[in-house]
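Listed next: structures, encoded as structure tokens.
In the two assemblies presented below, chain A is common to both, partnered first by chain B and then by chain C.
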Partner chain A sequence: MENSLIVQILISTLLRYWLCNSEFKTSLQGRVEISTPINAWKNLVEGVTLLNNDVNPYDGDIFHESPLILHTFNFLLSSQNEWVCMSIPYIFILCDIISAVLLYYMAKSYMVQMVETEKKNKHKYAKNITRILINIEDAVNVPKYVALAYLYNPFSILNCICLTSTVFANLFLCLFFFAFVTKKPILSSIALTLTVLHNIYPVTLLVPACVHFHYCKKSWKLFVLSFFVCSSLLFYICLVLMHFDTSFIESTYGFQLTVPNLQPNIGLFWYFFTEMFEHFRVLFIVAFQINSICLYVLPLTLRLYKEPVLVAICLAGLAAVFKSYPCVGDVALYLALMPLCKYLFPFMQQGFIVVCFFIGCSMFAPTVWHLWIYTRSANANFYFGVTLAFATSQIFLLTDLLFACLKRDYTLENGIQKTINGKPARLVLD
Partner chain B sequence: MGLLTDPATGEGIFTHSLLRYSNKTSFFLYVVAVIWFALLAHDEINMGTHFSENALLPGLVKGDYSEDEIAKSFLTELTNEVENSNGQMPIPYLMARFHQLGLEAYIHNFTLHYPLGKPTDMTGRNVYAILRAPRTASMESLVLNIPYRPLQSIYPSTLPGLALAMSMMKFFRRQRYWAKDIIILISEHEQLGVQAWLEAYHGTQCGMTGVLDSGDLEARGGAVQAAITLEIQAPRIDYIDVKVSGLNGQLPNLDLVNLLHRLCGKEGVRHTFHNVEAKTLRKPMDIYLQRLTTLLSMVTTQATGVPNGNHGLFHRFGIEAVTLEGVKSKKPSGGARFFQMGKVIEGVFRSMNNLLERFHQSYFFYLLPSSDRFVSISYYMPILALLTSTVLLKAYSTWMILHAKYAAVMLNEKCASEEKTSDTKTADDKTEDGDNQENSTAEEVDESLENLNLVRVGVIFLLTHGIGFLLISYVPAITQYLEGPTDKALFLGIASVSLATVLFTIVYKILFPVGTDWSFYFIFCRVELGLATMCIGIQNFSLGLIIAAIYVLPAHYVSPTQNRWYNKLLWLLFHPLCILYLIVLISTMFYFPELGLEALLSRSFQVTRTTLVYSAVDALIYGSWVYSICAGVVLPIWLMFWVGLVLC
Partner chain C sequence: MMWGFPYFVLVIVSINFHGSLGLKHKDSFHEELFMKPLVSGHVYSYFQFTTIWEIDKGFKDEDFTNSHLFPRPLGEFIKSYDIKEMHISLTEGVWRHKSWGYPITEAGPGAELWVWLKNDTVNIDQKWKDLVNSLSGLLCATLNFMEQANTLAPQMSLRPTGAFSTKEKLDNKNIKYATLPREIVCTENLTPWIKLLPCDNKRGLSTLLNSRDIHNTNYHSLGIDYRHICIDKACTRLGLELKQTVSLVHDLIIVGTYDFNWSIRKLFGNGVAASCSQAETSSVYVDITSNQTGPIFSIFPEPTKVLTSLQGGQKQLIAQYDLKEITKERIFNVYTIHEKPRIISVATQPILYTHRYITGYGQERGGIVTKIHNKHRTPLKIIYLENIPWFIPIYYHTLKITSGDKTITPLIKKYIPGKSRVRPYYLEVAFEVPERSVTTVRIEFDYMFLKWQEYPPDANHGFYLGSAIITALLPTARNYTAIPQTESLIKNSFNVSRDGYLVQIRTEALIVALPTPDFSMPYNVICLACTVVALAFGPLHNIASKRLRLTVIRKRGLLEKAMKGLSVISARFAKKDSKEEGDENKEKVKSNKTDGRVCEIKETKKDK
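Take a look at the complex of A and B:
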């Protein structure tokens, strides 16, 4: 790793350390954009307390984490050693830093692979498109950009200092991406299992991973098999931890899938289901969950089977947009993966609009929340408007990325043609 | 989804014309916004007010109030008591009277630790009495607030209002229909008392910790639904002025405002908004001008973010409130007496008593060009959108140019060199040409990447906003550290920080070389200006409008390439302190036209300093946002533009 990156890691650690001990922390922890009913630190502490008082934390409507996290934090929070208790915020910071480092190595390996693939396929490409091929400079810089995008993204900083459990989910997802890109089927299956234990949506990543391992001449069967073995094992551990009481399934996956808690967040579920008549609820829950889990997997994989990493990034992004309880931590992760697609940037069109919407929504959301909740002059529609705009801009970003990929492929094959028979040419997507 | 899928986005006629006529488009948008604002006062655009909440049933019952003689005797007693107690609030008398009326009466003590300058304390006492609702448990309540003003106060006396309110309570006590508690609150020290009482009632702290010690209350009623502040100056008044502007520009629900105007009309009391009565003038032009001036005066009042009556402090707690100011009659006869005023207040309280839900039906975001006309948010918000779109479009067009350059370097130029190299028959000098071009394109790539210098933007953003943050959080420290009166100290502090940053930028420019292309930096500045103003405008439309009206055009014409020394000098004039001084100067000229030039300038300077102190104190005590917005948003954005202008 380069020295400059180590310096950046130190600076961002100090930044997180300072914010973690500042007065902003408590007010930020209450923000619905950061803490959802699933990942909030408050709920985690509540669950541990319930467990210590011999109450099943999954009986109530407070705790929705996996038993693994419950027992880890039971160990940390109930520890008699005060050093352990004091170190809890620093564990979160450490996890964030490890995620960034994993992303760095993942990006490094990815860039090397991309350069190699392009070298290998050069004979297939049109003439004189060297400029849009990945150059050596990018191969060095992009990994740094990826790490920095995670270290300095305000969303990931907020996520980390508010001690949400999304920090761990992101760590496991980063581990998955690392193992996935560096072609390690077993490690990636373990990482994916740990991620899926926290929330169900990344299960879609199985498909691009299989495709990827198939193309890398690694055994995708081994990957799938080890995924099922690992998940069964972890599930068994959870059962043992909960003394074979299965109520945690209902309270974790059931909670994510049936969306009983309609506290506002940056997603699209809460508003829709507050407005919904009760007897249509099941129908629309199913429709929404199909949209967020399995609608995009096959089309994207079929169309972009040569770029499984890109498909995985898009699926991670789509999950962050459409999942039932999204938070800014999820957004931070796939935003950090964006610099990987730097070679697509010349083909993207909506950059300005997307950036404006991201900045604007980050400013508007607290404002209209204040107007709605505190001064009561605005109402839920204002806040929903902002979250809708945020979701739309994320969709714009992901769609733009996919189209950029298609356009680049076309250009690689056909060369940069601006004219056909002397007339200016125009690309049309049909 | 043509917008998303069309690969030719950014090459169409729209973008081309935008790039070509960017300056003209922006100016045009600005002019459209100004015209639109002027049109808001026209009756075709604004709408007549109407009731949205049916439960209010205004004026449905015949009023029974007839205690006006008792009000008069209360007034005589009160005047005597006040004179006997050297102008202080006659608390024993009030307590005795309330107990006699059969109300629970309590005293509320509070202390203000003045945050600026040398530490000084000020204490105050509020008196409040609760009439418990006979029909329900104390779930909800209504507040009748009367600010107590000592004799030496510069404001007109409110004792007649207090006498009226006491007679109202005597009358209310005997009625059986109350479903909500009625709390009468006599507050001291103008808005401070109400703020302390509200904080104690809700158990919160709005300003800086440790500034206003609001103490505790002995008893509470239910959740406060609505509040009326009475400032009746005399037993016989000319008209009632209904005041709506609250803290940070928040407004009460339009239904409550309508209710007051409607009931005043019903009882034959003249009623005004910003001292203008809605009477029918002959000429349509006169009507229009009258509405426009009322609208402008509302916008300026709202933009200050300072409440124009005690009611303004209730809003943030979700309590709908207005102030009724009964202006003393100058004519020997006519006007409204206690009897009519009492009928109005009885009607208002009975209507509010009817409410089943809190006020939510009608508008919270509106502008009033007259007491019976209003402009809804959907008509006035486009003005702000138009104003901010001038800078956003400029940013967009600059972005398009940058992106086109970047894409062209990556795609097109290569195409050109390809043609050249593929043309194998060309002579050697031509291939050399192609080589040169290759080198130049490589440089261009570097240059276009230097454009997107995120680190530079981030560092300057953090530094400028950090300065703003320091100016907000170290106001008490500045005034305590610098000797002398607080107004001089605070002004000196802010001015020296501003001067230091301005000079530092110039020194930095002289000492260190900096990159040349600042287009991306300016894109970011413009986007931040546009979005921040929109954001401020959602909370306080008038403030957002004024900031946008002042800043968008200069921010649009600031250019990273052709800036001369006079551009920089001109931008210095747009420093928030200069703008404040200019605004004060203009309003002083307006209110005191007789002053000479020198007196005018020095007086405006004095007023500017006191304005600064007042806004800072308001931020610390009441949690007002105007100072924070100016120091934490406007000043940093100005500074970012300045840094860009000097360094590029």
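Take a look at the complex of A and C:
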């Protein structure tokens, strides 16, 4: 690793450490954009307290984490050793840093692979396209950009200092991406299992991973098999931890799928299902969950089977937009993966709009929340409007990225010159 | 004449039959009224109509089909739902313990119901559902809103008050406790309640219960308490006891007596013309203790008897009036005359009282704080029962009991977390309140976001949070008036000192304004959210199913666009003008189209 990156890691660690011990922490921890009913630190503490008082935490309405996290934190929080209790915020910071480092190595490997592929396929490309090929400078810099995008993204910093369990989900997801790109089927299946244990949406990543392993001449069957073995094993461990009480399934996956808690968040579910007519509720829950879990997996994988990593990034992004309880931590992760697609940036059209929307929504959301909840001079529609805008901008970003990928492929094949009989022409989907 | 004889026989038989039943019943009815001028300038009146029915040792199932004084509708109700013990109260207003002392029966604001079902009851949840529905019909109250989602089974606080066989084990699944703090109590509840009395409101003390005067009070509470009792000390004879109670606190200023000289006629609109003929006891008791400690007043007419009651170190003077005797001569009315303009003195505060409120601002996070004041010189052990509806999720780990700077560790903690739309949060804590201290119990909660159809009409009014119950055994009987658990009647409640005096204080009910969605635009929200989903679906579908193609960019100026629009319109007009011309135009358009296609194909070929 480069020295400059180590310095950046140190600085971002200090930043997180400072924020973690500042007075902002408590007020930020309550923000609905950061803490959802699933990942909030307060709910985790509640779960552990209930467990220590011989009450099944999954019996209530508050705790929705996996038994593994419950028991890990039970060990940490109920520890007699003062140092262990004190170290909890630093565990979160450490996990965040590890995620960034994993992303760095993942990006490094990815760039090497991309450069190699392009070298190999150079004879197939049109002439005069060297300008859009990945240059060596990028291959060196992109990994740094990826790590920095995670280290300094305000969303990931907020996510980390508020001690949300999304930090761990992101760590496992980063581990998955690392193992996935560096072609380690077993490690990636373990990482994916751990991610899926926290929330069900990344299960879609199985498909691009299989495609990737198939193309890399690794056994995708081994990957799938090991995924199922791992998940059964983890599931069994959870059952043992909960003394064979299956109520945790309903309280974790059931909670994510049926959306009983309508606390606002940056997603689309909360207000939609607040205002939903009772007899259509089930229909729309099923429709929305299909949309967020399985609707886009196959079409995207089939279309972009040559770019499984890009598909995986997009699926992670779509999950962050469409999952039932999204938070800024989920957004931070796929945003950190964006620099990987730096070679697509010249083909993207809506970058400016998306950046404006991101900044605008980040400013507006707390403002209208305050107006609605505290001064009561606004109503729920204002906040809903902001979340809609945020979701729309994310969708723009993801579709633009995919569209850019198609355009780049076309350009590689047909050359940069976009003219028909000397007249200027443009690319459209037809 | 031929039919006369059998008819006569029939009458005799029926009289005999009745007579035998009457003997079998061994029941009695007592009507009592206890009045107490409170230090704060209010007058507390407590009506108690007691029916005691001794049951034969032999008959295990109470047979309510042949009831005599016991109200039959209630009897049938008790029978069909296997009720062992039942306490209902319908209350408007808050009992202010700090200034009024302890009432004879405690009741939380709104409707409160707790029932012990018999041990062998099966299908308890269904029974409870049917029970509250019948009861809501019986009392014209919306008790049917007591569902599983707001029903609790307290494990320590609400133990049976009546006789229970020592062989029977108390099974906690048989208790059901629910409150409806928003329930409004009015005339329509009083009328069916009065109908249960043997004398209706025709004779006796119940003639004082005019809805106009009752609902004009600061606090009024209707109650029905049913339980099994021991008739004798050794408990060889068992009985059923039904108490119908009304507690009222009149504000004399509202009544219109500015000089604080109150009388039954002023408070209730009329006197008592006659006692209920069915009643064995018909008495009025007036607590005149304050005559000696506070402002001096004279009470008229002369009481039948003045009782001195000594209990728990407290001396009480009670003026007793026997209505049976008095109403023979005249209409009964009690009135007081204060010699001097009355000064409201500071009340001697009761040993234990509470205050509860909500903390925090905004509609995101809040806390419930209950302050428990202990004025006694010794520590007191209390049980604190919280009944929090599911829409106010509390965090158990935030429960803090402190007294000053000291944290109090609870002796027993019981907690069952609530579940949305299924059951409320149940919290019961036993702890010791230090002497002469204020103990604070605080717990944090979140404001929940509900589905739009779950908000009641006038959603911004807020949601009610029922009162907490604080149970304690007081060492002295200061400001204490309740009837001992082993006794039934007010007349037996004097001069009985005990080891402890049980109080179950109900705190104030709270109101929480949950954040509301916009109720006016469900369609808009559904459409907008679906649009955003479609924004993702459309492009992704296109990306996955279509392929890229180069097309010529046609840059058209504003003028050109306008010209094209004009030409389209003019072409339409031309169509209408003549068919022939139209046909020619069509041909032209066709040829244009085909030209275009050829062009495109050529272009794509070139590209390849």
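The definition used in the following text is that the second predicted complex is superposed on the first by the 430 of 430 C-alpha atoms of A that agree within 3 Å, B and C clash if a C-alpha of one lies under 4 Å from a C-alpha of the other, contacts with A are read in each partner's own complex, and residues count from 1 in each chain.
In this text, a contact is a pair of C-beta atoms (placed from the backbone, for glycine too) under 8 Å apart; a residue touches a chain by one contact, two chains touch by 3 or more.
Please read all numbers here as calculations on a predicted model, not as lab measurements.
Of the two partner chains placed around the shared chain by superposition, chain B is the only one that A:127 touches, whereas chain C remains out of contact. By the document's definition of touching, of the two partners only chain B reaches A:346; chain C does not. In the overlay built on the shared chain, the residue A:356 is in contact with chain B alone; chain C does not reach it. Look at A:220: by the touch rule set out above, it reaches neither chain B nor chain C. Contacts of A:371 after superposition: chain B is touched, whereas chain C is not reached. Number of chain A residues touched is higher for C, counting chain B against chain C. When both complexes are overlaid on chain A, the residue A:105 reaches neither chain B nor chain C.
By the document's definition of touching, both partners, chain B and chain C, reach A:399. In the superposition on chain A, contact of A:407 is made with both chain B and chain C.
In the superposition on chain A, A:24 makes contact with neither chain B nor chain C. Residues 374, 376, 379, 399, 403, 407, 418, 426-429 of chain A lie in contact with chain B in one complex and with chain C in the other. Remark: chain C residues 361-365, 390, 393, 395-397, 413, 415-420, 446, 448-453, 515-518, 521-522, 525-526, 528-529, 532-533, 535-537, 539-553, 603, 606-607 touch chain A in the complex. Per the touch definition, chain A reaches chain B in the complex via residues 127-132, 152, 345-347, 349-352, 355-356, 359-360, 363-364, 367-368, 370-371, 374-379, 396, 399-400, 403, 407, 411, 416-418, 426-429.
Residues 4-10, 250-251, 315-316, 318, 358, 360, 364-365, 392, 395-396, 399-400, 403, 406-407, 409-412, 414-415, 417-418, 421-422, 441, 458, 523, 527-528, 531-532, 534-535, 538-539 of chain B are the ones that touch chain A when the two sit in their complex. Those residues of chain A lying in contact with chain C across their complex are 30, 42, 45-46, 48-50, 53, 55, 57, 59-62, 260-264, 268, 270-278, 288, 291, 295-296, 299-300, 302-303, 318, 321-322, 372-374, 376, 379-381, 384, 388, 391-392, 395, 398-399, 402-403, 406-407, 410, 414, 418, 420-421, 423-430.
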